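Shared between the two complexes below is chain A, which pairs with chain B and chain C, respectively.
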Partner chain A sequence: MLLYVARRLATGLVLALLVTLITFLLLAPSFDAIVGNRLGAGATAESIRAMKTQMGLDRPVLAQYSDWLARVARGDLGDSFFTGERVGHTVGQHLGVTMSIVLVTLALSVAFSVALGVTAAWRGGIADRVVQAVSLTGHLVPNLLVAIALVYLLSIRLGLLPATGFTPLTDDPATWARSIVIPVTALLIASMAGLTAQIRGAMTDELRKDYVRTLRTRGIPARSIILRHALRNASGPALTVLSFEFIAMLGGALIIEKVFAIPGFGSYAFDASLQGDVPVIMGITLFAVLLVVVVNLAVDLVNGWLNPKARIL
Partner chain B sequence: MTDGLGPTRPRAPRRTAALRKLLRDPQALTTATVLLTVVALGLLAPVLTQHGVNEASLEHVDADPGTGDYLLGGDRSGRDIWARLLGSVNTSVVSALIGTGVALVIGLTAGLVGGYYDRLRSITEWVFSLVMTFPGLLLLIVLMPMTKGDHRVTMLIFGVLLSPGVYRLVRNLVLGVKNELFVDAARVSGLPDARILRRHVLFAIRGPVIIAAAFLCNASIGVQAGLAFLGVGSATVPSFGSMISEGFANLYIEPLQIVWPSLLLGVITVSLVLFGNALRDVLEGTVSAPSKNTARSSLATRTAPVGATPPELLVIEDLTIAYPTPSGELKEVVSGVHLRLEAGETLGLVGESGSGKTQTAFASLGVLPREAVVTRGSIRLEGRELLGASERELQRLRGRTIGYVPQEPMSNLNPSFTVGAELAEGLRAAADVSRAEARERMLTLLERVGIPDPPRTFASYPHQISGGMAQRVLIAGAVAAGPKLLIADEPTTALDVTVQAEILDLLRDLQKELHMAVLLVTHNFGIVADSCRRIAVMRQGEIVETGTCLDIFRAAEHPYTRMLLDSVLDEHSVRRDPPPSVSRILAKEER
Partner chain C sequence: MSISTRLPGPRRLFASATAAVLLMTAGCSGGGPDSPDPSQKATRLSLSIQGAPASFEPTRIDAGQSSYVWRALYDTLLHIDNDGRLQPHAAQRYEYSADRRTLTLTLRKGMTFSSGAPVNAAAVKATLERIRDTPGPNQANIADAVASVEAPDDLTVVVGLKRPSGSLLWNLAGVNGVIADPATMARASTATDPVGSGPYTLDKGATVNGSDYTLKKRKGHWNADAYPFETVRVRVMGDRAAVVNALRAGELNAGSVDPTQVGPLRSAGLRISPVKAFTVGNLVLADRAGTSLEPLGDVRVRRAINMSFDRTKLVAAFLKGVGVPSTQLFNPKGQAYDAQLDKAYPFDIAAARKLMAEAGYAQGFPVKMPSFVTTKPFEPVIAQSLAAIGIKVTWEAVPIQRQATTLAAAKYPMYFVIYGLDTDAVLTTLYTMPGTPTNPFKSSDPDLTALIGQANRAGDPAGAGAAYRGINKFFVDNAWFAPLMDIGVTWVTGKGVKHLGDGSSTAIDIRNFGTAG
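Right, the complex of A and B next:
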């Protein structure tokens, strides 16, 4: 078990190495433009070259990368080209903002999707058709439009909630809650649509299986058959969908973050990319990959616990 | 050599059939028309507008719709909104084609290779898990310095990011198809692998891939618009995203400006998703929405229990079960079945597969599939009507009064629970015992049904025990709460011959010990002769003959019974003549 986790984490590190290397190689051709950007309008070929030498950007790309790696190994992600802030600190800060939105969204999404999906599969008939229609609608509307519509209605028209801005949870939980209502709703609609459809489908398949009938013939109450037996078997694929949604939201929350002026991970990455802030971009990439590795590992471990056949010991 | 094996011939009719079905589907037809119209509008843009997408004129800044030849007015830079909408359509179409195309080419190729060649799979798996690690949108943004915001390059990368989804889909489909007989046949007949992949496998998996393509288009369009909304991308390329963003900024001045692009983008996405769903229904076959079991409402005749006669354990009268066909009519699978079973008796219910035996058994347990409709009849257990009884009432009877042993042992155990946990839960649902007591009793019972190491089996998962063991476990589960009636549905069919006899012996012994009645459903007269006093023979949903075992074996009246009897194999009569078909024998008899 521990060995398995260690091996997975090791391959995760290799993965992170590869992804950051590829990112760095892809960034290297634009170093000139980035330096020019930093110097501003008055930049000449001369001053750009001088600046590149000063920043060490003129050295062989692989040497630069291994330098970066060596610094990361010591726990130093470098400083931003433009603000001079410590990258490790700011990335963590922005990640926290996004997480406080994404995790709330996913928790709500799981709660609603399980309730809706299970009801649809068990009740069938009208309940099933209603749930399918709801899930389809969620798929239909781009969440950009949902976000704009919500802002227009709830903030501009009714003035119920702040249109933009974000208060960290640690500052003031109540204001935080108010500030994330619209962003969470906008993200929730799409996330729920996918997860509900998945759970409904898996539960429908599961409830048709032989063992469900046999459990019924033992006099076991429907509640236990649905929630203990069938849902457990149906939740494996749903968990995978959930992990995909989580990964997609890391960057996908960006549009929502931009609409609502939330200083999250996505908009931080966006601004850094626009400026060509190489240390920040590298730090963001590293964090994102490691997060993905950890989430995938967690999903596999939970899946193993749920499904004894997939148990890896 | 054997090109006749190829699906060349069935290909054409099947494809046209699918196409015709698609054309008849209103949802598919409407959405396809909408999509084609939108694409055509984009293509015809040079004819439909006089203005370039970037042609700005000061006098048309925020112009109202219909100002001059500005059909929908001008935006805040004085550009023709109608022209920009058509331009945005083209941008979306190009994005969809590039993103989907790249994802399909990469995902399909790798999926076919990785699914078909076991040795290459570990490589493709690894590569795609690497690709999946890239957080999608984030990478597109990080690579902005490289793509310079060109939506075509961006979509090229996005296609790569979408490809793992296609890969996984195709890989799973190929793994499923690979061991199908027609692929085996092609392989045995010496067709080269590339050809098998192209003609047989690709053909078999085309449905889900086409459906996936519709959703990939949607994803590409959405991401392109999203990026343009953020201002990523060339300012000269019109896009729904940039139009929405400009309209959003101009919301108070000209609210209509945000409506047009939102509306058109909405229409395109909605059409794509609905079209994808319609495709799915046509290509994969719709499962008609199951309706709740209407047993209660549609019970036409329910014969009242006759008072005087001694109460029999199970009385089935005029039971008729039907299933809705795709055309909406009801097809009867059980028609007017009468059965009686006294306490302690064993009744053999014999018939070939599809004769309605299992449906009758399920009806007696109240576990018919949801779409089944009991159109008339009555099932009484100890004088109590089961049809129309509430789930709660039935639940109280199950396990306690009536037990069930299924046909296929493995699929009837929950794979995620230990045998013991499942058995104990069943016993505790039917009998009022503590957790520890339930465990004790099940261990004793497991030993009784011939499990060599009960504690070990108790702690095992179903996949860790053999089929014979699993069937013993299921029997133990069925009799745990001491039911008065045991329904055994082909309890030995899925087992080895040597195990079959042991299981039958076990059932017979348990019946005597527990004074149970047994309804033994089987197609095997040998089993019936061994275990039953009376026999009922079923054919095409009807009981054709009932009688004692002795009478039927000595002189079966119905020709079908005789045919079934003749088909029993024993060591004295290995059949040499070709098996007579049912209809021929019956025709002869009727003459």
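Right, the complex of A and C next:
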């Protein structure tokens, strides 16, 4: 298993190398514009050239990328072109904000989706139809609309929750919790819609299988059949969906972050892209690729643990 | 044996999840985490800005909304009050020599930086020289004007000029006039946590760089009375809906909104203060010599372009009345502005077509214009208006990051931009400095040069009014530009706070806000 993990991580590093190289090559033609932004309205062709030399942006592109790679290997992601802050520190800060919302969303999504999906599959009938309707509604209703409605009701009218802003968990857990209720709810609806449908479908298929009938005839309790057998076998596709949702939420949280003025990863990446803050963009790209690699690996490992048949080690 | 269909497992999970949600909302008290205590509202300003400050390092601060933060952290040598008048500030006296080539500034006694170090002429000299010598957005104005900076004693700064400059004093009230601590200004940390002598310091514990800045008032600041708020919180909110929600929830007590969002805010009892002119939407007819677009070299064509726009309808349709139709670049409340000049180009398609025909372009001509994210709402009406006189516009998308370099490269003979309504002197410099995004084709004219020289030699801003009116008339008569409208801003303030500006000054400063009874 260790060999398998090492192999996957090595593949991930190669992927990170490729993606960051492509990103840097795509950014290179914009160096003039980025330097022009730094110089402002008084920028002239001469001053842009001088600034590029000062910043080392006039060197061959591959040489610049190699230098960046060498620094990354030493744990140095560089400094922001505009604020001078350490990229590693600020990317980590912003990622932490988004993760605290995304992980809570996913945890609740799993809890609710498993409950609804299993109920629909086991009971069938009206329960199944209700769950399907709820899932479909979740797909159709824009989560931004839900967010705006919740803000109007819970923040403006009732004054129960904050309309905007974010308090870190480490500063004040209670205030953190209040500050994420509405953003989490908005993200949860779309997440649950997909996951519930996935779990319902997989469980329905699983519960029709012969081994389930056998277990029932043996008098095994329903809870045991569902949790120890059927759900474990049905979890593979759901875990895959969950990993996609996690990755999608990291970037998709941008809109929620803007609407709630949350200093998260999505809005940080967006602002850095607008400014052309090359070190930050490269740092964000690297973090994002490695996160995807780690999440996919984790999903495969969990899948293998839950369902031995799925092990590919 | 019957098979139980109870589902304790999933039900328990559902219950647990629901309980978790309920726990998160348990203990909710009214209002958001920043809801100002009603008894403290008058002492706290909680304000939104649309974009994060890029840097607080003196060579890189900008005159945009980040000014709310850096103007609180730094003193400037001079100050523009809410009536648009230049006032002494950290420099309690300023005086030009007779030939306008030497400016002597006398500093106030007893000023200190937040580090405790004294503010003296050496600090001013060091800051001015750093801005002048470091490539950056604030270099050009100082480098163009300033030859030398001397500090003969602790309170006297003598600035030697290359030539008389009408904009220098105004620039010393802005980005070029900050006073930084020489011991710290070159540090990397200055970009996010500068040492200044201003009335506030950054509360680092409560500040999240890039999104939320909390400023605490310094005890014993020389100008404490001018700043009624003990705490200022500046929050970055790029989304207008977030600003509206925060205002309605009491999490902000000052913010600018779109005119269409005013209704619910007024109903909520918030104070609405529209300022009619804050920026100008301007069609820059940059290629006045006809270098790349020959027709534009003919003043009749440029005048025809001016006459093809129904500016009154534009303001009504796009700005919902928070704006002013205008054919002039300058602030309606400034000295350069002349109401008569707004009659120079009435909306008249027939007359415009006649001018085009006289110039030899009865059939019109095609033109490519850059399309930025800021110009998109206006593009259809610009294209339609120009099409009425035969000018066919093709828009080419340009990313906003490339706006400055693309325009400065003289790739486009005409383009639409929205720029701030700065002081008359600063705007004149902005639109005439050769090779920049606002004058990429390096246009010049002997009459204009003479007028600018006259304004520069006036020294005292009040005495330069006639010269700037002359410059304004030159721009209008020669149709160097086709300004379309002054775009306003709608300020909304909560209980205990009011917006003090009326558009006379477009300097962005927390002194634009005061306490209300």
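For the reader, a short list of remarks on this structure follows.
One rule holds in what follows: the second predicted complex is superposed on the first by the 311 of 313 C-alpha atoms of A that agree within 3 Å, B and C clash if a C-alpha of one lies under 4 Å from a C-alpha of the other, contacts with A are read in each partner's own complex, and residues count from 1 in each chain.
As a working rule, a residue touches a chain if its C-beta (ideal position, glycine included) is under 8 Å from a C-beta of that chain, and two chains touch if they have at least 3 such contacts.
Predicted model only: the values in this text are computed from it and were never measured.
With the two structures aligned on chain A, chain B clashes with chain C. Contacts of A:A163 after superposition on the shared chain: chain C is touched, whereas chain B is not. In the overlay built on the shared chain, the residue A:G251 is in contact with chain B alone; chain C does not reach it. In the superposition on chain A, A:S30 makes contact with both chain B and chain C. In the overlay built on the shared chain, the residue A:L95 is in contact with neither chain B nor chain C. With both structures placed on the common chain, the touch criterion links A:L274 to chain B and to chain C. In the superposition on chain A, A:P263 contacts chain C only, with no contact to chain B. When both complexes are overlaid on chain A, the residue A:I199 reaches neither chain B nor chain C. With both structures placed on the common chain, the touch criterion links A:V87 to neither chain B nor chain C. With the complexes overlaid on chain A C-alpha atoms, the stretch of chain C that clashes with chain B is 308-316, out of 92-100, 110-118 or 308-316. The intersection of chain A residues touching chain B with those touching chain C, taken from the two complexes, comprises 30, 33-34, 123, 148, 152, 156, 216, 219, 221-222, 258, 274, 276. Residue ranges on chain B touching chain A, taken from their complex, read 130, 132-146, 222, 225-226, 229-230, 241, 244, 248, 251, 258, 262, 265-266, 269-270, 273-274, 277, 289-292, 362, 365, 367, 369-370, 391, 395-400, 402-404, 406, 408, 411-417, 422, 425-426, 429-430, 461, 463, 474, 477-478, 480-481.
Against chain A, the residues of chain C that register as touching in their complex are 1, 3-11, 13-14, 16-17, 20-21, 23-25, 27-28, 30-35, 51-52, 54-55, 57, 60, 62, 135-141, 188-189, 191-192, 208-212, 235-239, 241-242, 245-246, 248-249, 251, 399-402, 404-406, 408-409, 430, 433, 435-438.
Taken together, the chain A residues at the contact with chain B in this complex read 15, 18-19, 23, 26-27, 29-30, 33-34, 123-125, 128-129, 136, 139-142, 144-145, 148, 152, 156, 208-211, 213-222, 224, 229, 232-233, 247-248, 250-252, 254-255, 258, 266, 269-270, 273-274, 276, 281, 284-285, 288-289, 292-293, 296, 306-309. Here chain A touches chain C in the complex through residues 30, 32-34, 36-45, 47-48, 50-51, 54, 79, 82-85, 90, 108, 111-112, 114-116, 118-119, 122-123, 148, 151-152, 155-156, 159-165, 167, 174-175, 177-181, 216, 219, 221-223, 226-227, 258-261, 263, 267-268, 271, 274-276, going by the rule given at the top.
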